[in-house]
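Please find one structure pasted underneath; my questions will follow.
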Amino acid sequence: MKICFYPGCSFATSAGYRESTEAVCRKLDIELSQIPDWNCCGATVMFGENKLRATALAARHFALVQTMGFEELVTGCNACYATLRKAARLLAADEELFRKTRGVLQNLGLELDRIPKIRHLLEVLVEAMPDSASDKYKTLAVGAYYGCQLTRPDEELDKGEHPQILEHFLSRIGFSVKEHSASTRCCGASHAVIYKNECQELSTRIIREIENKGAQVIATICPLCQFNLDQAQSQNNGPGLPVTYFTQLAGLALGLAPAELGLNKLLISADKVLTRP
Amino acid sequence: MTTRNKPRIGVYICHCGMNIAPKVDVEEVARYCQTMDHVTIARDYKFMCSNPGQDMIINDIKELGLNRVVVASCSPRMHEKTFRNAVRSAGLNPYYFQMANIREQVSWVTKDSREATEKAKSLVAAAVGRVFFHQPLDTRQVTVTKSMLVIGGGIAGMQAALTSANAGYQVYLVEREPSIGGHMAKFDKTFPTLDCAACIMTPKMVDVLQHPGITLYTWSEVEKVEGFIGNFEVTVKKKPRYVDEKKCTGCGTCMQKCPTKKILSEFNEGLSYRTAIYTPFPQAVPNVPVIDATHCRVLGQNKKCGVCAKFCETKAIDFDQKPEFVKIKAGAIITATGFQAVNPTSLEQYGYGRFPEVYTSLEFERLNNATGPTSGKVLMKNGKVPERVAIIHCVGSRDTRHKKYCSRVCCMYSMKFAHLLREKTGAEVWEFYIDIRSPGKLYEEFYNRVQEEGVRFVRGRVAEITDMVEDPGDNGRLTVIAESTLTRRTVRVPVDMVVLSVGLEPARGSEDIGRLLGLSRDGDGWFNELHAKLAPLATPINGIFLAGCCQGPKDIPDTVAQSMGAAGEAIALLAKGIVTTQAEISRIDPDLCSGCKSCIESCTYSAIRFDEARKVAVVNEALCMGCGSCAAACPSSAAGVKHFTDKQVMGEIEALLM
Amino acid sequence: MSQNDINPFSAIAHLERINQCIQCGTCSGSCPLADLMDHAPRELFALLREGAYDEVLHSNTPWFCVSCYACMVRCPREIPVTDLMYAFKEVITQQGTAPKNHKMPDMYQAFSRSIKDTGKITESLVMARYGMKHPVDALKNIPLAVKMLMRGRLELKAQKVAAPKAIARLFALTEIPQDKP
């Protein structure tokens, strides 16, 4: 399987998202065709500055995807996912915006005719991963954390308040899943980086809830969520809940070694929790 | 006046006040009509339906020798009858009249004035083209069966049945549950008087059972409806109770002895269990149990049991009972199929189904009711009395994602719950609302009273109910999160119990009833009344009336008033004794009929029979509804509907296209 | 505030949707950072409807919107709250009325400038640029930066697209007359 991949600016510097994605895709024979010369999607900033600019920044990739011959675009970051989808939605609904965006891109030597379908990396693995083949991680309790922008505002992939797609996935590939009430509570995103003290409680509340409900490790699907939950705990000097990426857990389920999956990059170490007989 | 003479057509364009003019240039339309062939006179006038308007038509018929009349105004459903009567009173057969709808179909829906005027001209020309070919017709009079069918045995149906039976008419009341009583039987105290629902209703239930004029069918459903106004023929399916109603004494031994005890009780909203043989509640009417065939060991699982039969002293248990079909003749039908509560599971932010202490209003009602799972004490599932309870308004109502309408009764029942909680438990009550709607008699006073009782009203629609707590000491409780819009702050209140004031929606199965009766429903599924303001109890189907929530959410006082009104309308129909039916019925030309019987197969009213002697199809004029299916099916154009002949319809189309 | 003031927000797509707001407060109640805002989202809409444009132009509310969309999926009138917050930010930026020395508008500027210059975001460089306006804040992040650097999670070199001029050109092509450089 070949997929057109948009990494986003945080992918490479994340705590093992890149390593684990590449390792898992290699194992599953998924070829990641990264968009050459991709730019920042604009995330939550650009639409607050200039709608046409924001749309063009995102749509530049739609044009590039077109030249690559793909119909779909996959990304692993919630903000990129939401921003690209927002641009796609606006372009489909607003003829004038489409015309103007097309004009801007043409000026840059790019043709925009079609809008690709935007998908999250989670969807790809949900389809590609085989069911669990071993009981090795049956006793490892995982709390799923989606963040906000996978199932909101669209609710196309799953329900906005209490989705189940990640829980089902983790359970299917052999982990013990602990349901909890903070799976789509906001971590504070970029505000938590700037307003550390004020937003600390947002992350702490999520971690506390996941811990209360019996999980030993958290599974995330977005670099900024992973960062916020990871570093919120690293302030405390005690042990915490390791915050992993779902691709890292998928890699473990496939029998890959933690070192291959970038698990050493977590601030709160997962070593103890992952030591299995 | 006969068609032998050349048609002399009078055309009248109505202004309808400001409804048609000036959007449509009515003078221009009238001038245009004056130029048409066979149009003797064309006038425009402000209000054709008024007395002067009608007199204008009458005078013109008499003085100008008109033998056809066209009025271009509103929908025929409004005034076709009016104008036909005017034409008749001038001595002309009323079917020499045709209406063109230039209001609902032109002025109300066309933006551009020029376009509207052109369209009006086309429609009037079409009417003129049609009326040219009209023939004189006669209506029929049919006698009305002096009995009534009421569908639904809740408070609405019971009241309609009682009012009608008290007036001396035979009433058949059909209820699909084992007992009558509907939702009201589940309530504890009712607002604003805090009457106990059972106390005020059980006398009515007994009246219904004992009234010589009411034949009660419970555990029964309407299966088929045939016939027409004044002469409905309804097939009722009596589902097998597996208990002989005539032998059962209501002693209840069977229920005590039944070994299958773990079936969730529907009456108690799934909060307690019942047995396989059961009556839904102690005051059930009739007090005869039914056997739930799915869960019964004998009927559903082919196991050996029959304990109930063993202990029944009157040998009333009958496992071989089969459904029985009863045919009822009724002159009028009153639909009182009620409502159901909105299921809040899809409002995931409220945690219904995930958190055990989140209840719907109906579940909470059962907790309060003495016959409920906790004998009327407000207790949590762990047996404790709650210390703080939140009541959430507008769950599923006033919400474009669920029901966009306001369900009308929830503010009042929410405040009733607040009152009951304060009275029974002294718990701290937080009530989260958007607006307080208390329009009825003594309703605002009730709101005032509840305020005085110290209920904490917070104006803010609840954003989320979660089991995450702020204070570790509140572990195990739920947190209600909302913006208190009046104090401009976010409140996070830890509570023991949450009551969701869910909205109302049409009862399960109302779509099927609608189809059986031919009733249309609005976008939310409530049955359509004939006119929202002026005819809220009648339906477009003559002889079928509405009572209670099936027409729209309402409280008990309004339901009872409406039921009495619907009964009144039905009684009026029965009392008159005759109905005038339409002249537009089918006619089969025996000279053209080839005897293929396609019409007979297509007739939904079974109104056509085959004459074996002449080998042709013949219409039974008493049964024909003029639907036109036979005319469409007939390959030889032998079947046609009077007043909708090919000539007339083609004449209309040709004139429209010219 | 005069009742005759022109509405600076009037060009926003779907702004008329706020006319349908029933002021229920679900948006504010769902908002994770409502307590930091001078006007909760519901209140901001009420102010806008009443013509209090100055209040809205100077409000810090849109700058605290995290784009979690919780408001949008719960609003009983399906008002696109988050999208409107974005649009408010756009107008406020163009009008130049963002709260002075407020961290978020400054962070957004640093972010945007980074994209304009290199086409991508290099977190360390964005933080550095932001630090020019908020030095204390930026410095406070140093311990964390070190931790991240040691784990290979901090890139110090600017990440660039092959032709950064193309992105700068995109910015130029999409400039609005009152755009602040």
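First chain written, first letter: the chains are A, B and C, and each begins at residue 1.
Convention: a contact is a pair of C-beta atoms (placed from the backbone, for glycine too) under 8 Å apart; a residue touches a chain by one contact, two chains touch by 3 or more.
Bear in mind that the values here come from a model prediction, so they are computed numbers and not experimental data.
Central chain by Cα centroid: B, whose mean Cα position is closest to the mean of all protein Cα atoms.
Among the other chains, B has the CA centre that is most remote from the centre of chain A.
Of all chain pairs in this entry, the one linked by the most C-beta contacts is A-C. Centre-to-centre spacing of chain A and chain C amounts to 22 Å, using the average Cα coordinate of each chain.
Put simply, the C-alpha centre of chain A and that of chain B have 50 angstrom between them. Distance between chain B and chain C, defined via averaged C-alpha coordinates, is recorded as 51 Å. Touching of two or more other chains is recorded for residues 70 of chain C. In chain B, the residues that reach two or more other chains under the touch definition are 349.
The set of chain A residues touching two or more other chains comprises 160-161. On chain B, the positions that touch chain A within their shared complex are 348-349, 351, 354, 466-468.
Interface residues of chain C facing chain B in the complex, by the touch rule stated above, are 22-30, 34-35, 40, 42-43, 70, 74, 76-78.
Against chain A, in their complex, chain C makes its touches with residues 13, 32-33, 36, 62, 64, 66-70, 72-73, 80, 82, 85-87, 89-90, 93, 103-104, 107-108, 111-112, 114-115, 119-123, 130, 137, 140, 144, 147-148, 151-155, 159, 161-163, 166-167, 169-171, 173-176, 179. Of all residues in chain A, those touching chain C in their complex are 9-10, 12-15, 36-40, 42-53, 56-57, 60, 79, 82, 94, 104, 107-108, 148-149, 152-153, 155, 160-161, 184-186, 188-191, 194-196, 198-199, 202, 231, 234, 264-267. The part of chain A that touches chain B in the complex is made up of residues 159-162, 181-182, 205, 208-209.
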